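Chains: A, B, C and D, in written order; residue numbering restarts at 1 for each.
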Amino acid sequence: MLDLLSRYKTVRTRSVSLCVPLTPEDHAVQSMPDASPAKWHLAHTTWFFEAFVLSTLGQGVFDERFAYLFNSYYDAVGPRVDRARRGMMSRPSLPEVHAYRANVDERIAHVLVEDLLDPVAQNIAELGLHHEQQHQELLLTDIKHALGSQPLQPAYRSDLDRSALGEIVPLGWVGFDGGLVEIGAGDRSFAFDNERPRHRVVIEPFVLARRPVSNAEVLAFIGDRGYDDPRLWLSDGFATAKREGWRAPLYWGREDGRWLHYDLAGVREVDPAETACHLSYFEADAIARWAGARLPTEAEWEHAATERRVREGNWADDERLHPRAATGDHLCQLFGDVWEWTGSAYAPYPGFRTLPGALGEYNGKFMSGQMVLRGGSCLTPRGHVRASYRNFFAPGARWQMTGVRLANDRGAS
Amino acid sequence: MLDLLSRYKTVRTRSVSLCVPLTPEDHAVQSMPDASPAKWHLAHTTWFFEAFVLSTLGQGVFDERFAYLFNSYYDAVGPRVDRARRGMMSRPSLPEVHAYRANVDERIAHVLVEDLLDPVAQNIAELGLHHEQQHQELLLTDIKHALGSQPLQPAYRSDLDRSALGEIVPLGWVGFDGGLVEIGAGDRSFAFDNERPRHRVVIEPFVLARRPVSNAEVLAFIGDRGYDDPRLWLSDGFATAKREGWRAPLYWGREDGRWLHYDLAGVREVDPAETACHLSYFEADAIARWAGARLPTEAEWEHAATERRVREGNWADDERLHPRAATGDHLCQLFGDVWEWTGSAYAPYPGFRTLPGALGEYNGKFMSGQMVLRGGSCLTPRGHVRASYRNFFAPGARWQMTGVRLANDRGAS
Amino acid sequence: MLDLLSRYKTVRTRSVSLCVPLTPEDHAVQSMPDASPAKWHLAHTTWFFEAFVLSTLGQGVFDERFAYLFNSYYDAVGPRVDRARRGMMSRPSLPEVHAYRANVDERIAHVLVEDLLDPVAQNIAELGLHHEQQHQELLLTDIKHALGSQPLQPAYRSDLDRSALGEIVPLGWVGFDGGLVEIGAGDRSFAFDNERPRHRVVIEPFVLARRPVSNAEVLAFIGDRGYDDPRLWLSDGFATAKREGWRAPLYWGREDGRWLHYDLAGVREVDPAETACHLSYFEADAIARWAGARLPTEAEWEHAATERRVREGNWADDERLHPRAATGDHLCQLFGDVWEWTGSAYAPYPGFRTLPGALGEYNGKFMSGQMVLRGGSCLTPRGHVRASYRNFFAPGARWQMTGVRLANDRGAS
Amino acid sequence: MLDLLSRYKTVRTRSVSLCVPLTPEDHAVQSMPDASPAKWHLAHTTWFFEAFVLSTLGQGVFDERFAYLFNSYYDAVGPRVDRARRGMMSRPSLPEVHAYRANVDERIAHVLVEDLLDPVAQNIAELGLHHEQQHQELLLTDIKHALGSQPLQPAYRSDLDRSALGEIVPLGWVGFDGGLVEIGAGDRSFAFDNERPRHRVVIEPFVLARRPVSNAEVLAFIGDRGYDDPRLWLSDGFATAKREGWRAPLYWGREDGRWLHYDLAGVREVDPAETACHLSYFEADAIARWAGARLPTEAEWEHAATERRVREGNWADDERLHPRAATGDHLCQLFGDVWEWTGSAYAPYPGFRTLPGALGEYNGKFMSGQMVLRGGSCLTPRGHVRASYRNFFAPGARWQMTGVRLANDRGAS
């Protein structure tokens, strides 16, 4: 339990640290229905421990109204505030939310020190830490959207590493034989329910790009009028691009003939060598078609990623909070930098079982209308992601730290 | 100029005082597109003095980006942030907005002390004070909406006077002969352009209710299923009521068989004797029809109000911030308590001329789709309103401090 | 009664004649929620006689389901099909609707020949004829919209008079002294309830343009970038123009540097000399401001129109179905050609009383959000309109045969 | 070619026959954006032969404006009328569309008799026949929606077979071992591009229900308050059900305590024994979860269906146009009766290649946001469907003839 307590303290402290650069108003703003205020993230992750861990001991709650305010989507727990109106909650105030965190942290520390949790509750506490790490990434993507879409476009932090990392590497390919292989998480270590069970799939021979698509390729796609050519796009994708007026990745803007972009350090010129980000699935798919390639399936991606070193990537802990330029001639940036869209719709694995109780809503009920992403990003905490890790977003989403890695049938490219 | 300076300081200080009970997040929240954040009101009223008064002296601006952020609707001044996204601006922060106010206040004080303003600029400064008083009322209505429509429904202030004021007075009538009379503001003292010119109108004999409609009458209207009876409503009104699910005035809710309402002091039971508020024009019109009466025209209202004492009403300065119960058997509550809907569409008076330059947009361009209200309310600063004062809102608006006074043709009721 | 019967036959026959050029599908199409299919107009006007006249004799109905289908907006009569879905009713078929008309016509003829109607029912029958004439104009405006907004833009009739009518007349002014005058319909002959009672109003001295605005002026307004200049527009008007992409009057299109327009005879080049039409109130108001003028009030208009000869205008019976060019140097085209927007919101006259029963919904419940138009148009049947006649539409409506006559305060222009 | 000509005549004649029961207005009505008017189907299928077959011979077109009117979604061919406004096209009239069909039929007959088509064009003509069969089913589903959603709910045909077919069969299961199997179309006979290439997949042991879900099960689901229980639904599904007010399958209504439904023969009481239809994917998924089961994957479905006799089903040619009750204790109704939702998102098979040229848009660009259905329905022409045939619709679509077959992991149910 002391190991769990140590990790609990580390993870919980990091959430608060992420908010240090924010003003009180920054904590409260919700720039679109899909995003949540930072204050809400701080409270919701706390509620998770109170509602699912402390409740197993019959403990009362800090404030009985908070279940309504900070439940995200657990229907089995009860009603909740409309997601699109999270930014309307100026109360509880930021000091009250910090008091809520302190109260729950103290109670959790107590039950861990005293070893009061049964194994099921320990597992839920473990889940709660992974859950909080997910919200740490969401907090960064959401605050980026809030700051980046308001007129003054303030930087989140002005001290982030923005050193250039050299020349762009040519886009080469790595071949894989595929065959009858296994994917999915085994039983030994922590994994979300949607990564299980481990199961067999057939993979035909394929090639995978050595690195993700860079801004240089995106600029070439734009130069080829890719955003105006319906033949490159899925039908829904082209309709979305037209309706929303997409002319470039999110956060890009054109000024005096130059492409600028906003990132968490402020506005600067687009660096062609950097790995491209803030692309939707629809754009990823169109760029792949323009390149004569396709997106990898999630099975192909996981097959290629197995045995790669996960921790070496560019993670949130590296304090860059933006993708690097790819370097080297090996298969690089699979982990970290950008989440990579796959061509696989988010669906249950054969034999998938949800968690029991309210936590059964954690992943399963979102298995429609979303595409799988793999590999984590520069906004993900180091250590959070595995080769079998499945992230998922709607195909039109652009505010996540998402990018593109090309694939192809072997012999096709 | 020293009189103007004195009033400048008084008015400007009051805006800041109104915000003292608010948290930083309360300052920033925008609960619907028609409402603005308190922080925006503080900045916009400041920008008004900078853009229209200090600019006449060729002075530079505090921050050149603020014109885009805090221009409300002056097209002649330049582009501006989309009104519905004012709540997205977490920056400038509250301290920065206060610094902006201090800077402009200092500069205005200087030019007034040094008597640097020409007569036109002095008039604009005078206009700026009336403008700021209007925004003081909007600030209160908007923060009431922001606090009252979030789940915790916090009180704005818990120290407001909530003493009950006795029994309800029967609804009697006062008769007027009308005839060929004059309405509108004369030339001697301050008035907005839309109150001019003073002009002749014909008024047929009419009666006016001694007091506004009280909650008792609204409860009777509800009891008669007034919200469900299309015969009582304008066609657009009934469609609006159905679409928005109106079952009672805004801020009312039913709990355990009792009607509660939210006001700036929190939630309490509806007091039948109090003057009813937060009714739209559509509801006012339906209640009048249900009562066998009609709304007064603005000419009737002004004719009846002329010679009445304005300052005796229940104004914001009285620290109740909610209507009282009417008392006495005379024509009462014409001024203060609630804005009274008239049956007159907001239109130019014969011979109307807008102000020159950008300030020509102050009133004239809103003369379509709105109805005139008269008399001021318990959220209006004392001294701001005149008998000729014309307020105006769309017929479906309910978040303003609006109520109903009945009228009728003489002999009809 | 035989006079009434004779007029009944004339009016009813004309409705059917208007539909002769239409295919069965043309009869059924509804091009927007505000328009109705021709077949619906044929059935609804028939239902009016059945529901309000024959019902007074206790007669049964042709088909009990038709009340739901062909009731327009009479809540007191019962529920009805959603207005926006009138075009979804492929049934009853056109032959069935004609059978319905024949059945009601036969029954009405019988009761008139046998003199079975009491005076109230006779008055309703009279109202029914005026009602049907209103729908004859709506039928033409609606079918024009249906044909003109589909890709092939077929002509309604190719045999309409399209002779040019000479040079454009300069826009001169006629002065009026105004004073304390009376407007509204007296008691002797037929008028709608909204034209009564006749009452006194004060009119200040004013001038009225000799002719309506022509296409030449509209072209000049466009050339001056009038559609892009917010200073010329009401706030709601400019927002509407931008949202709906207005660049010219409805039915105008630009091709190879020329302005073409669609009218009921097909597509042809815009004739600068013709009186302009299909302008909304918002455009009328903006054009007036651009011209340094304003729109007349409805009192001014009626005061000027009284004593003018009504029947001489260009009416639907003249088989042009489009405005002419104005000719002569007198006050011309007051009646016929185009409905003229006034600056008056549609509101009850002092002492207004609705008709008893369900027919009380005929006019009164639309008295919000609409502006008054006067004078009739080239799509109005000759004899339908009076000087006191009040038409009304929302300020953004463009599909009616609407135009602009300028006015001004005397001495202002 | 004579075989092709013979089939051409058969297929083309059938489209016209399907429209015989329709009035001219029925041909033109479009009851929602996803549906098309019958007249449009008649013209679009004709345009397909003109644009893709006759064009290869350099032949001119019947009317050059028709490409704009009757192109469905081929961006490479040019612009087209907005899909949601197909019902606005009262012109060309029905006789003109029949003349268009006759003209193209004559020209196609000529080129087939004279053997003027090269092999590629012959294949496209073959594709055109399968395309027209698809539109025959769409024509029936769309006209059902048009007739069934208007107030009179007229029958399409009153002479359809509506004999009851006995008692409901218990829902038993058939087991399959799965393994490494092949699915997809081989190269020998006609198949759409999306059915290819044939490829290997891994299927774990599973069971499949002997028959589709019947109305009896749907009634039990309703009785269990299934439409109100969020735990049974995908998150998007529950939101859709609430937003659209789903309480039962499409076309069901409750009257006097009985469930009625509309079908192409009119309104009648729901027969519990009949196979349920007009269920969305979201409902199918919820019903499966309620039943403790799941939907089959498309690979499982195809694996089970291979070797089954396709032609024995209840097809459109059987003149019932509604599902039967399932009979017998074998795996029944796999083909015909209802399209069966699978749990598989519509995606390209490994190695998928689109057709060259504009026909590459036939299937590939719809591969996002849709779920695969299998097996054909009682509205599908006999002979049109294969075991490898992939139909696809959005998960919220209910107007297609869609039903549910349950599956499960072996040992799980």
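Note that in this section a residue touches a chain if its C-beta (ideal position, glycine included) is under 8 Å from a C-beta of that chain, and two chains touch if they have at least 3 such contacts.
Treat the numbers as computed from the prediction; the structure is a model and nothing was measured.
Engineer: Moving only from a chain to one it touches, give the least number of moves from chain B to chain D.
Structural biologist: 2
Engineer: If over half the contact pairs have to be identical by residue number, which pair among B-C, A-D or C-D is the repeat of A-B?
Structural biologist: Matching more than half of the contact pairs of A-B: C-D.
Engineer: Could you grab the centroid distance between chain A and chain C? Build each centroid from C-alpha atoms only and quote it in angstrom.
Structural biologist: Centres of chain A and chain C (C-alpha means) sit 58 Å apart.
Engineer: If you average the Cα atoms of chain A and of chain D to get two centres, how far apart are those centres in Å?
Structural biologist: 37
Engineer: Quick one: report the Å distance separating chain C from chain D, using the average Cα coordinate of each chain.
Structural biologist: Once rounded, the distance between the two centres reads 46 Å.
Engineer: Indicate the residues of chain A shared as contacts by at least two other chains.
Structural biologist: none
Engineer: What topology does the chain touch graph have (line, ring, star, complete, other)?
Structural biologist: Drawn as a graph, the chains make one closed cycle, so a ring.
Engineer: For a test of understanding, state which residues of chain B touch chain C in their complex under the given definition.
Structural biologist: Going through chain B, the ones touching chain C are 73, 75-76, 180, 199-202, 204, 230-231, 233-238, 281-282, 285, 294, 297, 343-345, 347-348, 350-351, 360-361, 365-369, 395, 409.
Engineer: Which stretch or stretches of chain B touch chain A in the complex?
Structural biologist: 23-29, 31, 39, 65, 68-69, 81, 85, 87-94, 146-147, 149-152, 154
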